[in-house]
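My questions will all concern the structure given below.
Note that the chains are named A, B, C, D and E in the order they appear, and that numbering of residues resets to 1 at the start of each chain.
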Amino acid sequence: MIKIGVVDTTFSRVDMAKYAIEVIEENLPEAEIIRYTVPGIKDIPVAARRLLIDEGCDAVITLGWVGPGQVDKYSYLAMSVGLIMLQIMTGKHVIDVTVHEDEAGDLDDLYNIAVDRARKHALNLVMLVKYGREALTQYAGKGLRQGRPDEGPIKE
Amino acid sequence: MIKIGVVDTTFSRVDMAKYAIEVIEENLPEAEIIRYTVPGIKDIPVAARRLLIDEGCDAVITLGWVGPGQVDKYSYLAMSVGLIMLQIMTGKHVIDVTVHEDEAGDLDDLYNIAVDRARKHALNLVMLVKYGREALTQYAGKGLRQGRPDEGPIKE
Amino acid sequence: MIKIGVVDTTFSRVDMAKYAIEVIEENLPEAEIIRYTVPGIKDIPVAARRLLIDEGCDAVITLGWVGPGQVDKYSYLAMSVGLIMLQIMTGKHVIDVTVHEDEAGDLDDLYNIAVDRARKHALNLVMLVKYGREALTQYAGKGLRQGRPDEGPIKE
Amino acid sequence: MIKIGVVDTTFSRVDMAKYAIEVIEENLPEAEIIRYTVPGIKDIPVAARRLLIDEGCDAVITLGWVGPGQVDKYSYLAMSVGLIMLQIMTGKHVIDVTVHEDEAGDLDDLYNIAVDRARKHALNLVMLVKYGREALTQYAGKGLRQGRPDEGPIKE
Amino acid sequence: MIKIGVVDTTFSRVDMAKYAIEVIEENLPEAEIIRYTVPGIKDIPVAARRLLIDEGCDAVITLGWVGPGQVDKYSYLAMSVGLIMLQIMTGKHVIDVTVHEDEAGDLDDLYNIAVDRARKHALNLVMLVKYGREALTQYAGKGLRQGRPDEGPIKE
């Protein structure tokens, strides 16, 4: 059976997991979804690790929210290094959805970015789990974006 | 028996461990608390490691204090990478409470941030140890903050 | 049989893999090429890991595209640490082709940088796989550049 | 028998090891001290590793000196990550004494900082080796500083 | 038999390996020198790894050249973390000679820095390999510099 882990935080100001789970349930209905909620982004890697190794998940999607300060960005960097090392150790995908509080001018924008990014990356995860390493090759170099409109390829 | 590790530093200007321990004792009275005090934040990961592996702790809370300089922030980054790698290796939570000396305008504020952050994260730790991966899911996306008032979700 | 992995992203705005694959096919026709497309640069290390370990590739070329923001640069740093650790673990080359969206004044330039860098690094990879550790020694200290004209040695 | 490693550099402008060794000899006379001198801070982690693993040291004190440039600070960060990972791997303390060339206005100050920091951290090391994890707990949250006067707790 | 690895790049604008090899041949004539040339600094760690583990080198000297941009400095940081982790894993020295393109006012200076740094660090490597952990202790705290004149100790 396919198991997908979903990690999110209480720090986040949007319940992104709800949108990610909707997409997974619709596109990968045979999967069992296992959720893990932690306080903040620095707690995400251990939750992902427990889902991948202890719970046997095939892949994990993580939904993080990062403050605007320099120190918050260092926390983001530390989390990213951790998630990448975890993926190297396990050979399994951890698709990381991160929203930075300072990437939008107002809260409505930020909300929409968060929902769109969670949804699109959940679909990326489903594609990789379902169809493997060439599932996204048709979109290679196409300038896809999550949370914003696609930029498209420089030359068609 | 449940064992909880508490790591703090002599560099800190607030005895945050006292408040963390109070919360743990009140909410997880059956736990044995094992304390480890080190000079500064770069010494925290090895202390957490010894508590998790040598002392068999189920989880650890660390209480760090970071100076205002750029170099202090790099030390914070190094500590964060270390704590995240340790959690990935052990599969156990290390809840990190960090106070940055430059995050408040005056010392009273800083003191209150430190106490509030230590208390709230100690409760996070208890929740995770006691009730597991969905203990905090009711607060997912709720914009909780430690050391400051909650920001709340962007949309209810 | 020689197996070469090619990892690219849907975030990229140029299909760099096409150019890299052309060069590999022309200069290492006996190689099997295995492609893996991921959403963005932070997903590259796990794809490279799977190609090197699970698919048995002898070497991998990765083709990443990095946004202009500070946070994008931290993602680049995390990816770079991951790819370097992966190479240390496996003892195999992962030649990393990265294009930064802010390294050119206009999109035509950026396109040309991407194509040139992908081609030249694909040839570097072929040389290292085919002829080993002294294949590039004739060019040591020669100020070669990928994506831009060579700078040449300071003194001939 | 207790073995303490001391790592220092030829880059440093103060012979900090001399002061650290004096403190160790006075306060832990039963210890064998093993010294290792390397060129610069990026060579410190491997020396500490050899002392901890190959020579069987119980703990190590490292004495580094960092230049004023941004690149020097990145070297400091890399060294810090390395020392923290080494401590996590071995479960042994590596007390790091670092002096930054730009942290004082004149050379006399810098000299005094270096000597004071080396001495105080040597004593920290002795305390941890001799009396264990609660040796410093009496000073937890007391705002101790090395290289400068203690700042003290915010509230007594 | 003693084996010394030498890693350099085609990105460099000075053939630093030539000068490093001269020094090694003169001062450690019994050593076999094994050279490995890679495109740029991010390829250095895997080359050093292959020399240390696959070729059985006793130590390695690496000769890197770093561009002036912020992204180049992050690549330097990633390489540094990698080389430090490699040394921790193997217990062998990797003496890193890095020249930053922006550390000199003109190309002549830069050339001289590169040659001097390569030569002096090659000698450091020879000393450590030949005489071990106290070979450089006579210079501890003496403010030695590579690429520039020594600064000397603050107090004689």
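In this section, contacts are C-beta pairs under 8 Å (C-beta built on N, C-alpha and C of every residue); 3 or more make two chains touch, one makes a residue touch a chain.
Composition by chain, UniProt nomenclature: A, B, C, D, E = Riboflavin synthase.
What you are looking at is a predicted structure, and each value in this text was computed from that prediction instead of being measured.
**Q** Starting at chain A (Riboflavin synthase), how many touching-chain steps does it take at least to reach chain D (Riboflavin synthase)?
**A** Contact-graph shortest path, chain A (Riboflavin synthase) to chain D (Riboflavin synthase), evaluates to 2.
**Q** Given a C-alpha superposition of chain C (Riboflavin synthase) onto chain E (Riboflavin synthase), how large is the rotation in degrees, taken in steps of 5?
**A** That rotation is 70 degrees, given to the nearest 5.
**Q** Please compute the C-alpha centroid of chain B (Riboflavin synthase), do the same for chain C (Riboflavin synthase), then give the distance between them in whole Å.
**A** So the centroids are 40 Å from each other.
**Q** Taking the mean of the CA coordinates per chain, how far is chain D (Riboflavin synthase) from chain E (Riboflavin synthase) in Å?
**A** Averaging C-alpha atoms per chain gives centres 25 Å apart.
**Q** Which positions in chain E (Riboflavin synthase) are in touch with at least two other chains?
**A** As it turns out, chain E (Riboflavin synthase) has residues touching two or more other chains at 77, 81, 85.
**Q** Name the graph shape formed by the protein chains and their touching pairs; answer line, ring, star, complete or other.
**A** It is a ring, because the chains touch in a row that closes back on itself.
**Q** So that chain B (Riboflavin synthase) leads and chain D (Riboflavin synthase) is second, what is the order of every chain round the ring?
**A** The chains follow each other as B, D, E, C, A, starting at chain B (Riboflavin synthase) and passing chain D (Riboflavin synthase) next.
**Q** Report the residues of chain B (Riboflavin synthase) in contact with chain D (Riboflavin synthase) in the complex, numbered from low to high.
**A** 8-18, 34-39, 42-43, 45-47, 49-50, 53-54, 70-71, 74-75, 77-79, 81-82, 85-86, 89, 107-108, 110-111
**Q** Tell me, which parts of chain C (Riboflavin synthase) touch chain E (Riboflavin synthase) in their complex?
**A** 66, 73, 76-77, 80-81, 83-85, 87-88, 91-96, 100, 103, 121, 124, 128, 133-137, 139-146, 151-155
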